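Okay, handing you the structure first.
Chain naming follows the written order as A, B, C and D, and within any one chain the residues start at number 1.
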Amino acid sequence: MNPALNSALSINSGMAPVATPWFFYALAGMAVLSGVFVITRRNAVHAALALIITLLSVAGLYLMLYAPFVAGVQIIVYAGGIMVLFLFVIMLVNIERSSKERAFNRMWPVGLAAAGALMVLFASAIVKGSHINDMFRDRLMPLPESTNTQQIASLLYGEAGRMGQYTFAFEIASLLLLVAILGAVIMTKKKI
Amino acid sequence: MAEEVKTPDPTPPLPDGEKKALVEKPTAEKPTASGEPAKPAAKPAAPAKPAGPVPLPWTSPMVEKYRSQYGSGLDPLTYLGQNYLAVDRSLIPDILRLLREEEQFDYCVDITAAHYPKREKQFDVIWILYSFPRNERVRVKTQIADGASIASSVSIWPTANWLEREVYDMFGIQFDGHPDLKRILLPDGWKGHPLRKDYGILQQDKEWVQINLGIESGQ
Amino acid sequence: MSAETNEVSSRALLSSDASNRSALERSHLDLETAEKPYLDSNELIINMGPQHPATHGVLRVILKLDGERVLGTECVIGYLHRGVEKIAENRTYTMFNPYVDRMDYCAAVSNGLGYCEAVEKLLNVVAPPRAQYIRVILTELNRIASHQLWLGTHALDIGAMTPLFYTFRDREEILKIFEKYCGARLTTHAFRIGGCQYETYAGFEKDVNNFLTFFAPKIDEYETLLTTNRIWLERTKNVGVISGADAIALGVTGPVLRASGVKWDLRKAQPYAAYSEFDFEIPVGTNGDTYDRYLVRMEEMRQSMRIIEQAVSRIPEGAIMGKVPKVIKPPVGEIYHSIEAPKGELGYFIVSDGSTQPYRLRVRPPSFVNLQALDVMVRGLLVADVVAVIGTIDIVLGEVDR
Amino acid sequence: MPNFIMSYLGSTVTPGEAGSQFWALIYVLIIFAGVSVAVICMNWIERKALAHFQIRLGPMRVGPHGLLQPFADALKLMLKEDIIPAEADQFVFWVAPLIGLLAAFTVYTVIPFGPSQAVSDMNIGILFMLGVSSLGVLGIVVSGWASNSHYPLIGALRSSAQMVSYEVAMGLAVVSAVLMTSLNASGTGTLSMIGIVQAQQQQGVWFIFKFFPLGFLAFVIFAIAMVAETNRAPFDMAEAESELTAGYHTEYSGLRWSLFMLAEYAAMIAVSSIAVTLWLGGWMRPFPNLLHAPAWDFIFSLFPGLTFGGLAAIAMIGAARMPAHSFFRIQRIGLAVFAALLAFSALLLLVIAIAGRSADTSVAARFREGIDYVYWFVLKVAVFMYLFIWYRATWPRYRFDQLMRIGWKVMLPISLGVLLLTAIVGVILP
């Protein structure tokens, strides 16, 4: 483990050092593998289950990055909420018919090219950063004393007496979502 | 008519106690019907003929009206204080509708049948009707031949739906205009109509049993 | 369920749609204006029964659903068909008497009463007053027992488990009286043509009176559990509504008819046995919904207790068997006699050819006819309501199928 | 080795915080075993209590008063043929019960049985709990779909809709409790389960009584929503046996079915633990704010021993009252041995309570404290478990649309209002 990370860890002694490379590789591998399953499984329910595993692995990666709040929200919102709705919809769809359809459409070479380009980018970053930690060294900030939850809160809502950086944007976004919810309700229900 | 060939049976002895009971029984049976002129005809029936009750002509304004309208196709009778109309098959739809709409027989208690294999017209079909406003029962009876059909009364009383299905199931009598005439108690593919007299009590549709239940016999 | 069955049943449903339209426009209009499914979703056809915990035996209901909403039903019955009417034609009048107990086995005494009275009518004899009183007492006890059974299972269907055990505990007391009287608990065969076979045992009046004092607070106990229970109200109010006119058109009788506001009870309308001598009320509902039917039956139990109380206190002395010949051979003729069974009008139509066996015996079963109203009552409701409505009609499959 | 154990007993933080993976594993095992035993006990208690509600006796044959019935049941379920319907989706059918079970048991990692009696104290503890317990619905949904049958599918659809809707009200109720934790000098709240109990300790009041009736309302909303979340009567639409035969697990049998039951009961205990932690002071004994003298500490620390003593006495009376028939001899002996075991536990607990009565940092004192914490926590949870049984015995079942109506049109507005008012009062009042 690199020394910078070690020193970063020692700042926050409350956190146990679970961030071993093994955990990372296990989680990342699971995420990639299940991600592949998501797009290759013909049965939509199997794909959805694989997607849940992807989301949970990503939540684990967030935990390793000392962002527990994001991990928790990931589990609640994506794995617990959205995926249940996904399954809900999938179950109402005729599985027999959809499983006979082709899993890929004609755009797949384009998608493959995009994915390949992204992979090259990541690979170059890894190759460049593998022997010198310099590339990310100046980015590696010591962890702040406050927890991740409080950081997010202060960014969104501000601290005592000071408005947060994103308060306005956040509120606008939530208003937009509320409008979307109301719109959806009105569109689907004739009488409420 | 089943009752035309009636031979009064002298079996039930009617001692004094029973006689008294007999007299008061019709009044208990139809307390509100006393206002009608039908009763005087019915009441003396039993004590007058202690040897055994026989069907007597039934007279009431209602019956007179129909009698004049339909003539001999209609034979109103009363037996042990219970009134019934023996009706010709062709008059059945009209009579039933009139009973429902003009005479307020709004409740079809039951539809059933009886099989007389020795008769030319083998089946009696019987409607048992009741009127809530009049608190009065009447039976309508007709004879039909085997294979003949009769008008369905589902449009008059929706309750006739299942009752007619059961009659069809048990006797094989067809009801014209029934929305969904099929077997009700027996399985769909069953052969035979068990309440016919020529259907033995141990008889069964062996073929059906073997195919559907996978056993040699249902007994 | 195979695709083939699906097709058959949906065809049947469609055709029955077309049928009842004239008489029962209201319910069908509801169906017509019901929201059409927005997406191209298949209607779900599910098969409820004959092995289903809430169909009270071997009733099979094919439900056509849109989501959970019932678009139509079709009852498939006959799984318990034993050919009672055919058996009757092959037994003597006396031999057939125990068979009637096996139809509505929850109210065997009522079945026996109806049969015995019908044959007595055919024979033109009347049971002596003491026998009449015994009959009334036992029949009303049986009515209470039947309603208890109904209440327990109905509540269980709606999800309240506990009332079942309370009602069975109290029903046990009635069954004990039956057992002491005639040796049997369920299929009692208590009455004979012409009267009763058995004189009351010593202490019969005391037992019945004890039961009355025991049972009066128990009804209140049931009501405490259910009558004002919010969930019970939500589940039963405005569920399975049937108007008085529809009920009459469909031939519905008994508590279901009375809950729809039709004050009609054969015990009052055309009194049989000794009912004209007793003072009791006919409880009537107003809305014709499941809750009203519940209230009507609860009140009926109380009224039955009133009748029993009067009957026990006034029971006359004398013979219990009328003068009936050893061999019962009614004269040629036909008779229809019906009584108010716990479930509705139970009628016997007997054709005699002068022999010792009925030429034709037809039973008019209340459950069979009442069950026909299920379709009208559940259209547009949810699956959960189907269960509640089947319960509230109070069917016994032994009687439906015979 | 003793030193090692003693070092742990002296610790004031959870193994997760201390970074001791070994102790964390031990804790996980203890909790897994404990929850399994609790489910078995719950099974027996539910059957017995329900039976007594319903004037029955319940299990009486296997062991004295049916005490061994759960084991017999478990054995039966394990030996039973494991049926997978031919038309079912084999893999999903197999994996579905495991999802529910995993979700139900993972939650226990953050449940604080005491200030240091938890596997770990995540700083997003309550969020983690809600998130993971919401995964349990996936098992139900997927099992209903995989069975390839109508009744399970309807059950699954019902339960997914139900759980998703009630999660909203539940989450808002939780947030209003979390808001209350920020009423301290620094003005910062916490999502940590231990932190929430400690906040109640510092503020000297259980949150159920905070800002009366706001805290109470939030608690009631949570208490209703948690019944819906766990699919228990009167909200047991997903498995309504009179409508859907058995709902989503209609096609399951044997061990696989028992996993569903295990998950259901584990989830019940888990949500009850959340309620206890958030509103009922978690591991705190009653009235720590009023009766805080050391003498009171001592008196309350006698409760665990006395409870076991009471149970031993009941078992003893039961053994004594058994009919004097040779048939009951073995049962009588068994019950007496059980009573003796309980009495021994009671004695042990009393000895520990007396030995550790001083409030110093000795090992005995720490041990006594730990027992106290766990005892009060479990007692509070047990009350909820009893309530679950009581509901089931008393109420009819709601209909599905009524349930959704209550969830969206009653619970959600009330919980939103409570949240707003809590925030306003929390700013204005202190």
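Here is the rule we go by: a residue touches a chain if its C-beta (ideal position, glycine included) is under 8 Å from a C-beta of that chain, and two chains touch if they have at least 3 such contacts.
Note that the structure is a prediction, hence the values are computed from the model and not measured.
The chains in contact with subunit B and with subunit D alike are C. Comparing the centres of all chains, each the average of its CA atoms, the largest separation from subunit D belongs to B.
Among the chains present, the centre nearest to the common Cα mean is that of C.
If each chain is reduced to the centroid of its CA atoms, subunit A and subunit B end up 78 Å from each other. Measuring from the averaged C-alpha position of subunit C to that of subunit D gives a distance of 45 Å. If each chain is reduced to the centroid of its CA atoms, subunit A and subunit D end up 31 Å from each other. Our note on geometry: subunit A versus subunit C, Cα centroid distance of 62 Å, whole angstroms.
Within subunit C, not a single residue touches two or more of the remaining chains. Residue positions of subunit B with contacts to 2 or more other chains are absent.
The part of subunit D that touches subunit A in the complex is made up of residues 16-19, 21, 89, 91-92, 95, 120, 122-124, 127-128, 130-132, 134-135, 137-138, 141-142, 144-146, 153, 156-157, 160-161, 163-164, 167, 171, 187-188, 191. Here subunit B touches subunit C in the complex through residues 2-3, 6-9, 11-15, 17-18, 21-22, 25, 28-31, 46, 52-55, 79-80, 82, 106-110, 112, 114-115, 126, 128, 132, 135, 137, 139, 154-155, 157-159, 161-163, 166, 170, 179-180, 182-187, 194-195, 197, 199, 201, going by the rule given at the top. Here subunit A touches subunit D in the complex through residues 14, 16-17, 43, 45-46, 49, 52, 68-69, 71-73, 75-76, 79-81, 83-85, 87-88, 90-91, 147-150, 160, going by the rule given at the top. Looking at the complex, you find that subunit C touches subunit B at residues 12, 15-16, 18-20, 22-24, 77-78, 81, 83, 85-87, 89-90, 121-126, 248-252, 262, 264, 269-272, 276, 322-323, 325, 329-336, 338, 345, 347, 349, 351, 354, 359-360, 362, 364, 368-369, 372, 401-402. Residues 44, 46-47, 52-54, 68, 155-162, 164-166, 169, 225-226, 229, 231-232, 234-235, 382-387 of subunit C are the ones touching subunit D in the complex.
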